[in-house]
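Order as written gives the chain letters A, B, C, D, E and F; numbering starts at 1 within each chain.
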């Protein structure tokens, strides 16, 4: 990992800022005692866990990525809501119109966190559930199989997310 | 605001119920996980946000909980699916396609080449 | 004793009975330890149920709720917190010992563990 | 409160399940379910701090250490 | 107003009951774990709902702890089944 | 406030050990002995004050029924002195006796066990009684399995399962009591029980007696004791036999006498005691080869005797019970400590392996003889005085049932004489199977043993040394209302 040495401070600061943010959200006040306590605790947590927290810190955060992140949220939520109605329909329907099966897809994402985000997004969206990730292929359980070809399934399941995630995690 | 919160809660609890129904009705582990993760996640998310709308000053904490659920639920679903697949739980017999075998093979090949 | 919900007592006592029955009748050490945790949970439930008073709120003072007369009895809850932690200690120790027993005998069946007469 | 009654019955069924399962992992899962429902009951009995401790210790930690112990010994009760 | 709340609570409770039924019935251990996992998620939502019902914000913390730690139990069992046996 | 140090010091010491061990492992092994010696000093210095009036300490500054409080009466302080004393001797012994790593853990656990025991005898709050009881039992489970061998592990898990069922019962009992009286202070509960529902009261009392009875090894609940006491490392057996079961007996007595005005079940307690006595002595008699198991069964028998004496609900009876408790603790600690090193030197727990050892190591042999004769009840030793006072107290009741029980006690004593004489015969009058020298015990073992033997003789010759304290302690236990007033009035 080339970033090991040079991003140390960056990574530590990232861990600190995120921990402090979570602390603030939890206590919900701006009392100076709470802030002090949160600062001390976040410093400790960051000191213990910065290694596992992120690989590069905020250093590569560009406005473009941030915009994509914002844009990704509604896309994701829309897919999630669709997914819910889809599953709900299948569950309520007396005959349960499901055609489950297991298919493969390929992804272009390289970083682990990118794959994690993709896998989580796939799990929460229409009729699909990530079962395993190995290299660049993912094993997907699909509740309503429409195609078995890897290219086809990749296009149908993951493309709309990958467009965003590729930018965010590049 | 209050009404909106109540609507959200109503949708949320309805989905929670459907999630439970799905977990109960669907035929095999993987399908149950589908229902279990999707419906309960959205249901919990929307219920919690609804409560956040009813009490605006609780919103921050509500969002923290909701985000937590959004992050942890797919991970546990994924872990469970993988675990049950590896420990040999069979797919439902009416499943259309099963490419697990293929996947295993494509995992094997590079290892052999290395060796 | 008349303040709580009768169903709670049924639940707590039932859980205690199931736990005791598991401990006394099962032969597998891990199962016996499962029984011990059930027993613990039942006792804790009983303690909290005894302190419960209808239509009162939790004994935690915040700015919005600072009237102790509207709160349930805090003492049993403090006791239960202690008891839960003690229970965790007992369970952990018991499991460690069970692993060691397995290391010596390669079984967890109390009938096959020589000398362990019940 | 009908909910308390339902939850109590569910808890007792889960307890019985923990007694009857031969698969120890299943028994431990049932035990975690008992803990979960008990913690909901604590919550309904206005003891949120106890519920928190029970959820953390009963459902989380205890299950984890049981699983570790079962991994080091055997899975099935003979 | 109370009737509406009761309706919400009943829906959630029914969900919990169904999940528990699956946990009790499920033919394989993963099925039971799925049931318990569903129970955890629904309970979190119900706890938040109840804290609104009781009007005590402090009760939300319980849901938070639940969200963090219920997850660990499920993960432990899943990891076990993956490696062991 | 000095009295809280009695509990705080061992507890702090226990957590100091790993820290000190970072700097010097050797030094950390001396901490328990130092702490217990300090405790002994503190306890003895408090004695004159306590004889006048009990010291009542309440932490956190609220009034008596609410705050956590400690009641340092003559009984509690007397037992605390005994615990610190035995704890000190065993710690000195343990410095060189314990070989198994990690040694720091052993010393830590011993200190937490002693914390639990001291806390149990000094607390005035029934829930604290439970907490300290759990501290004591958790550390004794861990210590029983300390050697990691088959027997130890097995005994530990057996002890753990039975003990934790017992502690669940205690907790249920406490829950019932709290539900009835709304308080946890023992004196306050005692003041309230008169008006409570008798059925529930009886249930609570039975649950508490059963729970503490597991630790005190009353008859149907003593299955764990022979295994645990015989499989643990010998220094641990000395603590278990000398301290743990005695605190269990104390708890039972405190519950029956102070919390509930339990005159109705005194005879039951006595009968259970006699059954325990007979079963313990007969099982000990049947032991053919394991010396530690023999001693463990003998402990069961002695506990029965103590319970019997507690059941004689008079000043004299409780006095006799306490006297017996002290003499048994001293003698049994001596026997376990001595046999520990002998087993280590000979390399076997078998009785036959001890043949002729009394002549090879005459000093240790003599000490063992002192303890054995004291346990049997031969005149110049402490055991004679205690047994004699039990018999006298029982006969003073002028009731046929107690006289019958005393006859059974005499029968049991005959059995006891039988197996202890066998032990002495093997030690002194049997030809050794193998020639060769066996080294005398090291100094760190000889000093505790000698002190114990000297005390046994001294108490036997001058019983007045301890009888004043015991008299006060006994009346403190029997006179219930005085206790209640002194605790509730003190704040």
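Here is the rule we go by: a residue touches a chain if its C-beta (ideal position, glycine included) is under 8 Å from a C-beta of that chain, and two chains touch if they have at least 3 such contacts.
This one's a predicted model, so the numbers in the text were calculated from it and none came from an experiment.
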item: Length of the shortest touching-chain route, chain A through to chain D; value: 3
item: Fewest touching-chain hops separating chain A from chain F; value: 4
item: Any chain in contact with chain B as well as chain D; value: E
item: Chain closest to the middle, measuring from C-alpha centroids that were averaged per chain; value: C
item: Most widely separated chain from chain D, with each centre as the mean of CA atoms; value: F
item: Of C-E and B-E, whichever chain pair has more C-beta contact pairs; value: B-E
item: Mean-CA-position distance for chain F and chain E (Å); value: 48
item: Euclidean distance of C-alpha centroids - chain C vs chain D, Å; value: 10
item: Whole-Å gap separating chain A and chain E, where each centre is the average of the chain's CA atoms; value: 23
item: Gap in Å, rounded to a whole number, between the CA centres of chain F and chain B; value: 57
item: Multi-partner residues of chain E (each touching 2 or more other chains); value: 9, 16-17, 33, 35, 46, 54, 56-59, 61, 64, 71, 77, 79-81, 85
item: Chain D residues counted as touching two or more neighbouring chains; value: 7, 28, 46, 48, 61, 68, 70
item: Contact pairs between chains, per stated definition; value: A-B, B-E, C-D, C-E, C-F, D-E
item: Interfacial residue positions of chain D with respect to chain C in the complex; value: 1, 4-5, 7-8, 11-12, 15-16, 18-19, 24, 27-28, 31, 34-35, 38, 41-42, 45-50, 53-54, 57-58, 61-62, 65-66, 68-70, 72-74, 77-78
item: For the chain B and chain E complex, residues of the former touching the latter; value: 6, 9-10, 12-14, 16-21, 23-24, 29, 32-33, 36, 40-41, 43-44, 47-48, 51, 54-55, 58, 61-62, 64-65, 68-69, 72-73, 75-77, 79-80, 82-84, 86-87, 89
item: Complex contact set, residues of chain B against chain A; value: 15, 18, 21-22, 25-28, 30-31, 33-35, 37-39, 41-42, 57, 60-61, 63-64, 70-71, 73-75, 77-78, 81-82, 85, 91-92, 94-100, 102-103, 106-107, 110
item: Footprint of chain B on chain E - complex, ascending; value: 4, 7-9, 11-12, 14-19, 21-22, 28, 30-31, 33-35, 37-38, 41-42, 44-46, 48-49, 51-52, 57, 60-61, 63-64, 67-68, 71, 74-75, 77-82, 85
item: Residues of chain E that touch chain C when the two form their complex; value: 54, 56-59
